[in-house]
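Here chain A shows up in two complexes: once beside chain B, once beside chain C.
Our next item is the complex of A and B:
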């Protein structure tokens, strides 16, 4: 009996949707596959792409500095060294020199890293999660849900961003880096939601999505399995942009003195103090300004490279060509590799 | 992949020459900024410098097109140009403590009246003579405008005796320095042509807003330079030949260029687009970037940063805590950090509430300065002793009170006041080293002054000032112990219990502060009684610490001597605010002869 005949019989018997795979994966295989999909394959992509490699190295460096730096490197304290000494002028005692209060500049950069990273991750996640949730729900659900969410999105988009942030910063006076991250991206999610909605509208008309709907799969399942993988590259880029926006907005607002700061140092505060201390005009003070600028630029650079490089991690059309160690019988294999099936097939 | 790499290399290759070009250009630009120069030096002023067509240019922070010239209207009044166009009644030489002639030629303060004599050759810029009537008009308007001289006199007591003499009847006895201090910032700036109608309105209705609403488009003053025109970025004033000061002014124009912000001001004097900066805090690092032709002139500002404690606070209301903080903080290092390592901030020596720390003249008011607590700073043993005596104990490196509550506080400071921020960072560091948990909070200026200091938000501790800029000790002691600010900003009580002067272990006595200061205001400044009273009040300040005075500001003025000659410190005339506006009057800022 042919396969087709069997299928037809199953439909006739009314148990077409109760069919199960003839070969179930063991738990070990499932974990291995998950590990392959989420760890090995991305790792291989990163290894194979110079931009991703550099970006990942930079981000890893910041993460390590944020995690361990404050424990390993001395805390910045006033008069811990002579005032305004240039980098390496006292050997490695103050490798990046000191500021006008005699505080070690490297110590300030390092001790500011954890709160900057918290702020960035909080802002990036806030924008991404809210934007993707609202955008996909509106785009896929349609009808009244779409109209309400789109109206909400449009309202948020029409509020001018910077004045809103300045007012919120003045009202809330956020000192917790996570709260600051959220405040700085308070209306960025709306733009992402709008764009994602339009992408989802187009994706949701694809035949495979309609097939999933016909199969009776739940909306969240369809969104997660069929739609999200298609928009992931865009989402990742948006996350990176949001993260960069948090960096620049926080630096700008700290620089302008809109955001309050406490004794904990911050790159924006460092820039503010350096500029008001004359680092823009006096060569011997330039290191005071360049150090935080370099920290910001490098982090931003790392984020951009990483997001560019990892485009292939999520992009289904590119992803299909990545190597895998798992052997999946339901996927075509070429001479040397088999696909991991991370995207839409 | 390969083609992508090739593409990047090509871009890199084409970018390199561009970067080299940018680098070379930048280096050339930097050489211009930071290089050495062979600038001309200052020359001795002989007094017979010939008249020149030179223009002296200085900054103004008000956009010339928006300027209005009514000093009683805060909006867009150009403060510094006002000092050039208008004359002050008297000028104060801070280093000698003397008052010298301005629009007034002479003055005398007796028990029941002050007699003020206007310069007899004073002329308004519109050509009319400035007389005693003009001074009466100014004093009447000031009294309607709630000027502090209202504490001693009233409108009906101010009358012109003759063409140049005004008599101010005094309702309370007031010493000469107190009277002169109260009028030293007053300008003769209310000519009949502009202010007669306003005064009439005020006489009819003292609540009228005619004065504060008035915006004079052009000034009529008696100063050495008169208004000529305003451009988009520049105000031009020209020498007023009929001025009382004209003989000693030898340059034709005094211009004010709109410059907003310290960085722009530094850049302007560095680049030579202005000849002077009136008053701007500048660290030694930045001064090092100025051309050699730029001279620094210092003047004592007679005020400076203090830490105000909320006296209603559970911890700061306790004298032992305030004293412990004073012992723990090294004011010398705080002042040095605040001045960027320079000498523009003088640390307060023995905190007595008397100004004069830049030259230790504050101690001249004390018979026995050693009898006052010095609070030398970094004296953690004494600080710990004080806290322990008040029931505090050290737990895990942090001080806690008898209820187990940590001795912790937020210290607020206006974010844009960088010198204060630097000072407070250091202050906090010293306290943290001692085991007091402090947290620096920078605040937007308007929030800081509107809500924290003078609003409902309040503060635990905050940067404030411990003198209102007047030198006679009555003023600073009154400011700290008895002023409305003391009672509303930091909730200082109206009476305190203190031991007798010089005997810290003696039995405390309750002192009502207002009567003590009222007694001082009427005493002859040179009398023994006044000196004794000042010391008693200084003792109260020193023992109770209403605030912790940290430093005294020294104003920095910069003048380029490329085209001008200027008197240098310690010439007493340089200590008059501001050298850029006063020195031309007395022939101590003159143009060099033109080539």
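Our next item is the complex of A and C:
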């Protein structure tokens, strides 16, 4: 944004011929602009929006727990405390109580967080990279390439995700969180690719893209400079959707025992053990079941709030509307962040 | 227009064939190559069987000719699938199609009820929220919808089994119907039929509830967004100036235009509800198709697992196909654009 307004000002001042290309900017200047655009402006928007603020705080909390929690809090071990004690019953030694083997519940929650975050990041990056690549390639090249890629996208979109993931999980038996993340999001990229393709098709008719083409800029440069900023909202929403699919599917498949595990690596494993340990029948074991359920719900809730709030970050039209109205509550709910099944597509 | 129908039909066929191809290769790649494993088992248990007999049996079970070259195996497999031959369940010893056709009605029963219920609740609340945009009612319900939509439906399932099933003992915690109930559906025995349907519904109610709570939140948010968009249109002002009643405007103008775009989403959701049943039915030990998929996986009964996957995929392809073909009939606006409504 700032680059464009600056060059406009140069024209206003009447010395358009002295307007210089971006290339001659000093390195420091360029870094400062990058910082403004990618750190300062988003930060301001997050601070100004209630939903984004709550969502970002929740995500930050999980990130901190994932990064530092396992180093600060003891590992879950059998018989590290008395068996099946309720939360806070022994002061703060076992704040969330223990399970039927005497393992600390909070320790299980904390030590399952890093692998969950790794899965989310791996799945999100995989979906983003593949979706953006396929979408822009299809949109830009047209012709036969476009037809083949679109057909492929449509096929992947039609295959029901969860059954395919179940089969792939049985086939690959992934242990590594990164591989698991890729398997769990195997079908999500297609939605992003289709969205981006149609965006590219409509954007590439805009005059500024034609101008860039006339100037002889290379296609990758045009994609990065002119197209990507326009499709960032879709990328972000898809990233959140991919993250939610990773959470939903991983918990579900660990709970069912489809994904292999040898220790408590996931909240789904905790739910599985709590259910088979009788937490549903004995009220004094309730904390064993509630703790992982709460961890999952809070993370998912935080992701949705964050994506709804940050929609404004990349969308200049929404941003303009946002700055003109002070009441954020009448913002129409973002259609694309909601899934039809509340689950895995 | 005609070309559009042709293209869509061709695409549906290509999708089904490529999924079958995928299934063929996935089946071969499964750990411990099921064909070889089953063959070894046969040779061990029946030493008197000839090579041809064993091959024949393997073919019957898995739809795969173990010794034939790859392309022949492939053609044989796909040809079998196209004739409705999904192979034979390794553990149950009956054709997979038999197990699926017995389980499918139960999944369709629960999922269609859940889908329609969530859709009805979602669009009613979504429309009211849009009309009262910005009020406490709207804000509260929006947050509630987002919250409901952010919980996985099987977690709602676990919670509902826990409280309503085990703690309060209001609902059964699994199964299709009570053991003492005789499954009767017929016009000649109306009382027994009603009792049986009621019992089946009672057993399915928690499953339906868990799907509905989550999905209704999603529908409400989408309907709210659509309605708000329609409420800002100029033709509503014209309608009011014409002196049409508010009721007529709300149903004919706002409701209709806001619901129509959701029609495609609803038909697509059918397929994904089927897919989602994989976890949900396991939570409720409800023997529908999704339940048998996981059973097949745990017992290494790959023909059963793959059969469920193929049936679900075909269901989704059909749903999307029907949605695409019929949308033009429902929404006249799409016709002029050649059905390109996405």
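Just so it is clear, the second predicted complex is superposed on the first by the 290 of 345 C-alpha atoms of A that agree within 3 Å, B and C clash if a C-alpha of one lies under 4 Å from a C-alpha of the other, contacts with A are read in each partner's own complex, and residues count from 1 in each chain.
Simple rule for what comes next: a residue touches a chain if its C-beta (ideal position, glycine included) is under 8 Å from a C-beta of that chain, and two chains touch if they have at least 3 such contacts.
As the structure is a computational prediction, the values presented were derived from the model and not from experiment.
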First (chain B), second (chain C), both or neither touched by A:301: second
Chain B versus chain C as contact partner of A:100, first or second or both or neither: first
Which superposed partner A:258 touches (first chain B, second chain C, both, neither): both
First, second, both or neither for A:160, with chain B first and chain C second: second
Which partner, chain B or chain C, touches more chain A residues: C
Partner chain in contact with A:170 - chain B first, chain C second, else both or neither: both
Which of chain B and chain C A:273 touches, first, second, both or neither: first
Which superposed partner A:78 touches (first chain B, second chain C, both, neither): first
First (chain B), second (chain C), both or neither touched by A:283: both
Set of chain A residues, in rising order, touched by both chain B and chain C: 170, 257-258, 275, 280-281, 283
Chain B-touching residues of chain A, taken from the complex the two chains share: 77-79, 83-84, 100-102, 170, 257-258, 260-263, 273, 275-278, 280-285
In the complex, chain C residues that touch chain A: 11, 14-15, 18-19, 22, 26, 29-31, 133-134, 138-139, 142, 145-155, 158-159, 161-162, 165-167, 211, 214-215, 217-219, 221-222, 224-226, 228-229, 265-266, 268-269, 271-276, 278-279, 282, 293-294, 297-298, 305-306, 308-309, 312-313, 316-317, 320, 342
In the complex, chain B residues that touch chain A: 30, 33-34, 262-263, 266-267, 270, 282-283, 285-286, 288-289, 333, 337, 340-341, 415-416, 418, 421-422, 425-426, 428-429, 432, 438-444, 447
Residues of chain A that touch chain C when the two form their complex: 151, 154-155, 158-164, 166-168, 170-171, 173, 194, 198, 244, 247-248, 251-253, 255-258, 271, 275, 280-281, 283, 289, 293, 296-297, 300-301, 303-305, 308, 327, 329-330, 332-335, 338-345
